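Next, two complexes with chain A in common: one pairs it with chain B, the other with chain C.
Moving on, here comes the complex of A and B:
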């Protein structure tokens, strides 16, 4: 079981680091919450299962001391992106990578069980999650309740790590499938797309959870969505302001979004906010053959330029 | 409202101080006839143009947005327009995804001596926006 391997690896690195960031059981069986291990006794509180969804790497840029961290393949892309942008010091983090076969979207499970209180959760060997509620057990295939990112996951094994808990896994999903949903959406007419976003973004309550959870939103308290000077958006409750906020988020993540899906996971209104960022990523791939969070020596496309851009043609009027 | 009803549309132009603003000035000094829909905002460099300027303008009343800077390799600050080119191209590809016609946004390069080209750019872009019509239909006109 990889839980044991993770615990072993943590015990090994704990003397060298201040804290190890991993997961523990949350308020019910379905939820996990971050665990900060400082002393060896705390290792027993650790859990590792497909419910460990949160992208823990978001903590890294604000931590000054040397820390250990447990990452899945998708989370490791955030670390790579941080390294590209010089936001963290590789010497100061010890990465325990865990090959991942897919996680569970808590939202999807809750939808399946009709938002019943959860008494317990178990995993069987056939890739199913068994959710116990007062109305009986419900068995769901993890593949059916995984976040959208898992369906096209290209990096099940972390890209950077110091210790690997488990054997590396290769992705069995075709590379072309990653941006397929974006291409399909793009085939709709302008009016359809406009209507779609108006309907979706109208739901936004501007809680800024998507921004707060986003590992690449490093401005945080200085976010231009909230500053008075410059006053980019007002407190007015209108679609324009909501739309503007999401455009700010998307444009500020141009060529940086590592598609961890945290924005969508935390959205209380179920808005497909990651879609905007994924669209830009699709274009970055086409224009600059760049994929965020893959190559530690790479450079985000908006941070650099070519004097002669091969793919950018001058637009005619 | 300074917009002449039925005749004019709102077009916002972000022009770099060194080339395109000079180009527009050249066109004016040479008395080239131009449409009057464009309102010019002078910026130090096309690299100063945040793609969000364009988004904000389009969301809050502009029918079209034009960005113009020095020709690539001619930037007053050496490389500002190279960054601008990448950002603006990204935006041009993002706009249709959210249901805004990408033809309402145009970016180009006009030097200070190209008065004639400036006249052409403004005329063609204004014609295009007039073909597309107003982006924002006033609420009181509805129903």
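Moving on, here comes the complex of A and C:
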């Protein structure tokens, strides 16, 4: 299957690159962790299955040498966005694309099995994941435990790649479905929205996991959330400061968020932080007809200075 | 930190609706404020003296003046505190006049608002840092955009003052609107006879470099050092060879080319010289009409040209010029007839615009100065003038007065009577605006000596009836409907901003109003300056104006440039963007969004990429600071922390 094809591709490119970034099994069958392959012997450690959820492309901007990377369709959008923003050099990256039919949300699985220790995981041919625990096996349809992004995925095949491990897949999900959740949320009244976000953001513990996992959060140690110069927010654990942090994160991603969902995946408090960014993306689409991470030659609207925007009428003469 | 706060009464302007003593008393309670007082006129000499005294006696190191807009007196007070030994950037002004006392009547509420405004200024000034300007060299050449009468006057005055002038005109000849006019009011001087000598002076002046049929492509740089790219549009005629003999124009087989100079009253040839007195007197081809371009064959002009000047392969050429100041004199535009469906929207040939009538009256015009109506080339005996065709009409987006129509209608009525003694003119008007020297006498002469019948009222409809045009309107003085059967109707169409005025303003980084007219720095006291230093305005690009006003502004703009260039070095404004390279993550978003190309990428010795601001190019607009995700780029004197301190001052109290 794909695993063999991925291994073949890695073996082919390994002599040309410093390292290949892919996945290996983590501390239990349900968790995967990044694997950096430098020598052919390490290829055997690789795994490829619907548990390979992380967006590995986050490593790319900080790596100076030529590397290979294994990406799913959604991950490839990050690479496209990096290219648009000039954050990586296409020449220094060899992309092994893997068409993907959907991954598994570990959080959802754990919720299903009541957070028991996992003894092992298997996949059957009918699109199910079988989780072995001390209390017996539990079979779950991947479609039922996939992250929200998979349910409306438009790009199952990577947008950019040098090698494609598998046959290209076309999305069978309607395009309108992508932002359906936002449209529904928009129907709430202002008070309802305020109450919703106050309840959700109150949970935030300011661990910054969402920021650290975000591939587009390029400020790293210079993040405005932790500086005093300028001193936009303090370390006080108040709702105002939490709200401000998430607003800053969302606004910094305006027209840049590739909706990989990493922020929400890593949030220990289960805050729907991706919703904020998705909302801004709908606005960007409406205002600038722009979708991040789709066209390698595209220009992010917030990376330009145009006096006359078609949909902003202030300079109409 | 020892902050001093000075609250100005501005006579009754502020003290009338703000309790200034209470504001001062409240300020004394703030931490850091060691001195607060109120004074009748802080900007007066004793007022300034008081600030200096307080700085010395109280050892003040930060000053807040709560008074008028900083646009008025920021410079005054900066100089004041500088004289007392403080850095000029340790001054903050709170605008409690325009923002507070003038707009609210409730003294209690005004006072509370003033207290908050001054609190903000105190918070800001405590975060201010000393800034120092540097000086740079000035390139003493001036660019004049537009070769109408205002631009020519400005160019001539600058050149006579010893400056090198680059004059750019987008049409093939200088002269502008004035060169199209027949006579000028109120003296009935022949327009081209008085303008012609000026045009000749321009072209003969050794200090003036003329680019006709050229447009401004790009403007980069800042006061004292602008880099201009000028697009010399392809004329398909080598002007270095063209002698202006006109042989090509005579033989050109295309006779139906649109005549821009005559505003379409007549047609011209595909290769043409706009008018006999054109400067430069050179031919150019209109490719949209020329058979060589539309059909791919003809070549008559190339065969006929005695000097072999025709070149169908010619391309636009970009020329670079460096200048230190810019005078904008791009003139105005006029409403088209299609804006007036009730007047036929241009479908009736005998309903024309004022400027078209001007061409019909003109001896060098298409009818050689005989008044013949366009439909059948007969002499009109009844001529109706409709003033305010579009002007002062909010529904058409022109709420303003077009300034000179009342006068030129009177002139055209007089000239009509002169040309056709048995003719009768009617003028429909809203008000007669004739407030210049000798103007009112002139409009009276049109009525009393030349028998023009002035009807106060608007025209509702114009429609054809046989060979006549029926003009139906109201006579509001008699309270009746009137109908005049006219042979010719002249509409004084509204003056609007020149086509492309907004785009030009964007290139120049100057402001323009909702109508596209450029905004002067102060409507009373800085009428030819713009808010971009080094860019000045002349003529109707700033608003509708007649010839003497345009000429006056041309000279005024020239004198501004001459005084700017009287110094060899200029001081730079230190309130510009600065990068904290320790915080910069090198995403270079700022490079891409800077409207002035003032930021570039710099590679540090350790190989790290960071942004670098080119100090002399930065205009301090702040786009980069709002773009930078990590706040590494800060606009000096308006840093995030300074602004946040202001926000905190009013939100955390």
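Here, the second predicted complex is superposed on the first by the 309 of 317 C-alpha atoms of A that agree within 3 Å, B and C clash if a C-alpha of one lies under 4 Å from a C-alpha of the other, contacts with A are read in each partner's own complex, and residues count from 1 in each chain.
Keep in mind that, in the parts below, a contact is a pair of C-beta atoms (placed from the backbone, for glycine too) under 8 Å apart; a residue touches a chain by one contact, two chains touch by 3 or more.
These figures come from a predicted structure and were not determined experimentally.
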Checklist entry - Now for A:195: first (chain B), second (chain C), both, or neither, which partner does it touch? => result first
Checklist entry - Is chain A touched at more residues by chain B or by chain C? => result B
Checklist entry - In the superposed arrangement, which partner chain does A:243 touch: chain B (first), chain C (second), both, or neither? => result first
Checklist entry - After superposition on the shared chain, which partner residues are touched by A:222: those of chain B (first), chain C (second), both, or neither? => result second
Next on the checklist: With both complexes overlaid on chain A, does A:307 touch chain B (first), chain C (second), both or neither?
Outcome noted: both
Next on the checklist: Taking the superposition on A as described, I'd like to know which of chain B and chain C A:287 touches: first, second, both or neither.
Outcome noted: first
Item to check | Touched partner set for A:279, first chain B, second chain C, both or neither | outcome: first
Checklist entry - So, A:232: does it touch chain B (first), chain C (second), both, or neither? => result both
Checklist entry - Common interface residues of chain A with chain B and chain C? => result 232, 302, 305, 307, 315, 317
Checklist entry - Residues of chain A touching chain B in their complex? => result 185-186, 190-198, 232, 240, 243-244, 247-248, 250-251, 254-255, 276, 279-280, 283-284, 287, 301-302, 305-307, 309, 312, 314-315, 317
Item to check | Interfacial residue positions of chain C with respect to chain A in the complex | outcome: 497, 501-502, 506, 512, 514, 516, 580, 583-585, 587-589, 592-595, 623, 627, 629-632, 634, 639-641, 644
Checklist entry - Inside the complex, what are the residues of chain B that reach chain A? => result 50-52, 55-56, 59-60, 72-73, 79, 82-83, 85-87, 89-94, 96-101, 106-109, 120-121, 124-125, 128
Checklist outcome for this item: Residue positions on chain A within touch of chain C in the complex are 85-87, 218-220, 222-224, 227, 229-232, 252, 302-305, 307, 315, 317
